[in-house]
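Below, each structure is written out as structure tokens.
In the two complexes that follow, subunit A is the common piece, with subunit B as its partner first and subunit C second.
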Partner chain A sequence: MAARQEIVLSGARVLRRQVDRRNRWSDLTLWTGVVIVVVLVLAGLLAGPISPFAPNTQHLTEAFQSPSGTHLFGTDAFGRDVFSRVLHALWVDIQLGLVATYVPLVLGMVLGAVAGYFRGWRESLIMRLVDVTIALPFIVLILAIVAIVGPGLSGVYIGEIAVSWALYARITRAEMLVLRERQFIVAAEALGYSTPRILFKHALPHLVRPNLVFSMADIVLNILVLASLSFLGVGVQPPMAELGAIVADGQQYLLSSWWITTLPGLVLVILGAGFSLIGDALADRFGRRLELPR
Partner chain B sequence: MSALEQSGGAQEQAVGRPEARGAGTHEPGAGAPALLELRDLTVAFPTRTGFAVAVNGVSLTVAPGQVTGIVGESGSGKTMICRAILGLIPWPGAIVGGEIRWRGRDLVGASASEMRRVRGREVAMIFQDPSSALDPVFTIGNQITEPLRVHLGRSRAAAEKEAIELLARVGIPSPRERFNAYPHQLSGGMRQRAMIAIAISCKPGLVLADEPTTSLDVTIQDQILGLLAELRDEYGMSMVLVSHDLGVVAQNTDSVAVMYSGSIVETAPTSAVFAATRHPYTAALIEALPSIHVREPRVALKPIPGQPPALDALPPGCPFAPRCRYTTEACQSVDMTRVAVGPEHETACPFAEQVMVGA
Partner chain C sequence: MSASLSRRLLQSLLVLVGVSMVAFALIHLVPGDPARIALGPRAPLQAVVAARHSLGLDKSLLTQYVNFVTGALHGDLGYSIQQRASVGGLVGPRILPSLFLIAYSTIIAVLLAVPLGIVSGLKRDRLPDHAIRVVAMITFAMPAFWLALVLVELLSLRAHLLPVSGYGGSFSEKVEDLLLPALTIALYLAPMLIRTLRSSVIDVLDSDFIEAARARGLPERRVIFKHVLRNASIATVTVLAVNLGFLISGTVVIEVVFNIPGLGSLIVSAVQSRDFPVVQALTLIFGAIVIAVNLLADVAYAVIDPRVREASAR
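This part shows the complex of A and B:
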């Protein structure tokens, strides 16, 4: 009897350790991501006070200096301090990443929830619109919108918002289809609550998670789209600092002055990695927190 | 089955139903106007090939203060009747015919906002599985106060006080602590009690209990049914008790409707259903039921051969005909209109009196 209990307990301890290890790993992922993102956001927000040089002031005599104590990331073709430009670029990118992700998230969730809850013509209308939006290549569609609105940050904002709501709508509708037949939603209907109340109070908490996980990947995607567009010359316009634009500036000097392109590119990668790590950890927590290791 | 030979006079006596719980002062259908009356209710779902008729011309009356049982196997349309009463037929199904008269007005044509006024306030529903019918992300307290605040306009504090009283009333120990508990922190029986507290919170005139005890073990089942009977007497509510368990229905209802393939095949005062069965399907159900009263040793249970028909390919006439032991050619032209065979006793089988009495 006692021996048997001992076996059970030791088995439980092993299990506990495995679960703990898994949770610690997930914690580590989350906090690494959070630290990266927080540091970069603060650096971006405080770019004015902390950057050693003005981002757009040219010192033609100091062009193409390699990284040093004075110019951490070196200087570019116009003698501008790349580190200062990167600091100023950070918030431009992060802000776009956040706005171009969470405005469509809200938009897509509302439309997706309506489509999934009501079915019928509302669903057909919304989902066909989603199909059309998703069918067109992302960058091409944004390029088209930028071409209409004109190059610059506002064109990118409009373009990204017009495109990325569709995936949130699709995710949310799929969740809503499952949810609307769940008993507690039927129970809420049976209690005579209004439709907005059912959608926003009862359904919403169950719809947020998958969207939140996806949004972390989406922020990265949206920032990269802005960088790509700037690299192509239709995003932010010179002399405004933006990571993709800085990378594009240095591109023709890549072999002689590698730092102009490489170091800002690296910052972009780290920023993306930060958001991705948070996304991974959230997916882990929301989806598989209590799943036992095999 | 000697009981089958009982005459109409014997049925009348049996109406008193001494074995039923909480019968109290209620005299079954003593001329009282119907609280709820279904007339030819038909619910259908479009399918690839046509229509699946989930509820097929059902007529049923629920008198004030009465418990009406609906029995039938899975897929016979019991739950769909409840959802139809609340106007909650799942998409793409719809009520395609008939009337639902609630206190005299027809709910079938009612607008969405009219239906919302009925739901929760006048007609409440108790679901089969309380662990999925309670929202896992809100506390029990939150879910009980919500109807009080939304429908009765109670303040937060008043609603909380009332909710705790309700929790105590449905037999949840230390209700003040349970108020802040999440559904997963309660046992199955406690969850069903909480569900009942939510359903009765606005003192509805009718409670639709859809298999309220199916997910619970037998002892808890008994407690929950006892609680429902007490509440019914206390609040003067009517109840529709849906179950596939003949034992539950026998002990807890005043009258019974037996369903098969979307149709009601027999309605009768509860005792008459068992004592003077007048439909071959009901008889077959009763014979398929194990009993602890061993009347004669080694009575084998009689299964009903075959399967219920597909709802989108119902046979002509009586849907039970293909499985019925008395079936004849004539069964294919039966139109399922119920005929009276005793006081408040109706059967959809026009041959029942010939084939079953003295069988």
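This part shows the complex of A and C:
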């Protein structure tokens, strides 16, 4: 009897250790991510007062200076201070990341909840729309929309919002299909509550978590799409500073002036890693996944 | 052909029709006159009218859509005003380089990601898992175009190990020229694959049949090779299919960086010059590729996985 108890206890201890280990790790990743994101957001918001030089002022005599005390990230072909341009670019990228993620999140959640709750023709209509959106590689659809609207930041906003909602709708519908059979929803229906009340007040809070976890990976993707489009010349237009556009500025001078491409790209990586770390920790905690939903 | 597969086929066709509608609608969503925008503000009125006629914009919407679809089915993808050439003629020679690059990078990505994903799942919450996850997280945050430039700088310009760009004639030249672009795309895709494989390995390890296998006293090595890895192979097929759109998105950007004459660099230049018929055609083609591959993956899935096979036989 005592031996058996000992076995059960040691099993519990092993489990406990596993959980502790996972929690310690997810605490570490979460807080590292939060610190990175907060620092970069503040740097972006305070770019005006804290940047040492004006981002677009050209000093042709000071072109191609390597990183130094005065020019932390060196200067580009026009003698502009790369560090000041990076600071000014940060908020352009982060703002798009947030707007192009959370507007579609709300849109996709509402559509997905409607599809999963009502089923029938509403579900067919919404989910076929999702299928069509997901069938197109996101960059192709966004490029097509930019071709319509014309190159520039607003085209990227419209394109990304038009594409991103679909995955949230898919995640939410799948959750809703399970949720609508749960007793508290059935009880709310039996009490005769109105459908909007059931959907928004009772169901929605349960649908937020998986979407929130995925949104962290989505912010990274959306920022990278903006950077890619600017790099290709159809996103942010010069002389506006944007991280991908700054990398593109240095592309020609890769061998002689490595800092113009390398350092702004590194900032982009750190920013993305910050959001990814938060997402990974949330995924661990909520037992959800970060990968693309099927 | 089982019932579930034919239903899946029908669904794919429906999505394809939807994609064709989106591609068709693009040109009609352009604010203002697409012919005028394509030709620029200084083009003579006659040229604009001619372009409108060549784009078919002077016909009714329904006629235009029917013409668009029947044309596409016959391999006629329209006429590019900017390039003064049939879109089919522009697209044709660019299909092979893109497919070659996609296949090449998929192979590298699978070779990288499958072992790492499996190790990460098997060593869950231990050092190898943490290390793999952190590296994957950082790689996921890397812009593909930037990674490409850094690799070019280090491996080509400084170390002179690999060619900077190009697209060779023979197969072996292609393999060499495309190694750097394929490697970049593989590194961009790998984190997605690793992440999904890791969760699928964990799911399998947590499942009842693994516990049953262990309870029967099977050696751990056998449990892992026979049960865990077989299930991971099924997951790999699904993961590749789900992430195909993601993979193609990376290819589009990388083709431009390395100057590869593929479909991706064609769509980017078409967007830059606002060459609408080319954008429409490529939207349709990329959509069709993704739909076809996903359908194939479902068939492959049914072949590999006995549960799916039996479910569809029932």
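The working rule: the second predicted complex is superposed on the first by the 269 of 294 C-alpha atoms of A that agree within 3 Å, B and C clash if a C-alpha of one lies under 4 Å from a C-alpha of the other, contacts with A are read in each partner's own complex, and residues count from 1 in each chain.
Heads up, the rule we're going with is that contacts are C-beta pairs under 8 Å (C-beta built on N, C-alpha and C of every residue); 3 or more make two chains touch, one makes a residue touch a chain.
Small disclaimer: the values here were computed from a predicted structure and weren't measured.
Engineer: After lining both complexes up on subunit A, report clash or fit for subunit B versus subunit C.
Structural biologist: Aligned on subunit A, subunit B and subunit C fit with no clash.
Engineer: Under the stated touch criterion, which partner chain does A:144 make contact with: subunit B (first), subunit C (second), both, or neither?
Structural biologist: In the superposition, A:144 contacts subunit C only.
Engineer: Check whether A:135 is in contact with subunit B, with subunit C, with both or with neither, and answer first, second, both or neither.
Structural biologist: In the superposed model, A:135 contacts subunit C only, not subunit B.
Engineer: Of the two partner chains, subunit B (first) and subunit C (second), which one does A:224 touch, if any: first, second, both, or neither?
Structural biologist: second
Engineer: More residues of subunit A are touched by which chain, subunit B or subunit C?
Structural biologist: C
Engineer: Of the partners subunit B and subunit C, which touch A:276 in the superposed model: first, second, both, neither?
Structural biologist: second
Engineer: According to the stated criteria, A:108 is in contact with first (subunit B), second (subunit C), both, or neither; which is it?
Structural biologist: neither
Engineer: In the overlaid three-chain picture, which partner chain does A:74 touch, first (subunit B) or second (subunit C), both, or neither?
Structural biologist: After superposition on chain A, A:74 lies in contact with neither partner.
Engineer: Rounded to the nearest 10 degrees, how wide is the angle at the Cα centre of subunit A between the Cα centres of subunit B and subunit C?
Structural biologist: 90
Engineer: Which partner chains sit in contact with A:159 here, subunit B, subunit C, both or neither? Use first/second/both/neither.
Structural biologist: So A:159 meets neither subunit B nor subunit C here.
Engineer: Just to confirm the value: shortest Cα separation between subunit B and subunit C in the superposed three-chain model, in whole Å.
Structural biologist: After superposing on chain A, subunit B and subunit C come no closer than 11 Å at C-alpha.
Engineer: Quick one: which bits of subunit A touch subunit B in the complex? Just the residue numbers, please.
Structural biologist: On the subunit A side, the touching residues are 119-120, 181-184, 186-194, 197, 202, 205-206.
Engineer: For subunit B, which residues are in contact with subunit A within the complex?
Structural biologist: Against subunit A, the touching part of subunit B is residues 83, 86, 88, 90-92, 115-121, 124-125, 127-129, 132-137, 146-147, 150-151, 195, 198.
Engineer: Per the contact definition, I'd like the list of subunit C residues that touch subunit A in the complex.
Structural biologist: For this pair, the touching residues of subunit C are 11, 14-16, 18-19, 21-23, 26, 29-31, 125, 130, 133, 137-138, 140-146, 149-150, 152-153, 157-158, 192, 195-196, 199, 238-239, 242-249, 252-253, 256, 267-268, 270-272, 274, 276, 279-280, 282-283, 286-287, 290-291, 294.
Engineer: So in the complex, the part of subunit A that touches subunit C is made up of which residues?
Structural biologist: Touching subunit C from subunit A are residues 18, 21-22, 25, 128-129, 131-132, 134-141, 143-144, 146-151, 217, 220, 224, 227-228, 231-234, 244, 247, 251, 254-255, 258, 261-262, 265, 268-273, 275-277, 280, 289-292, 294.
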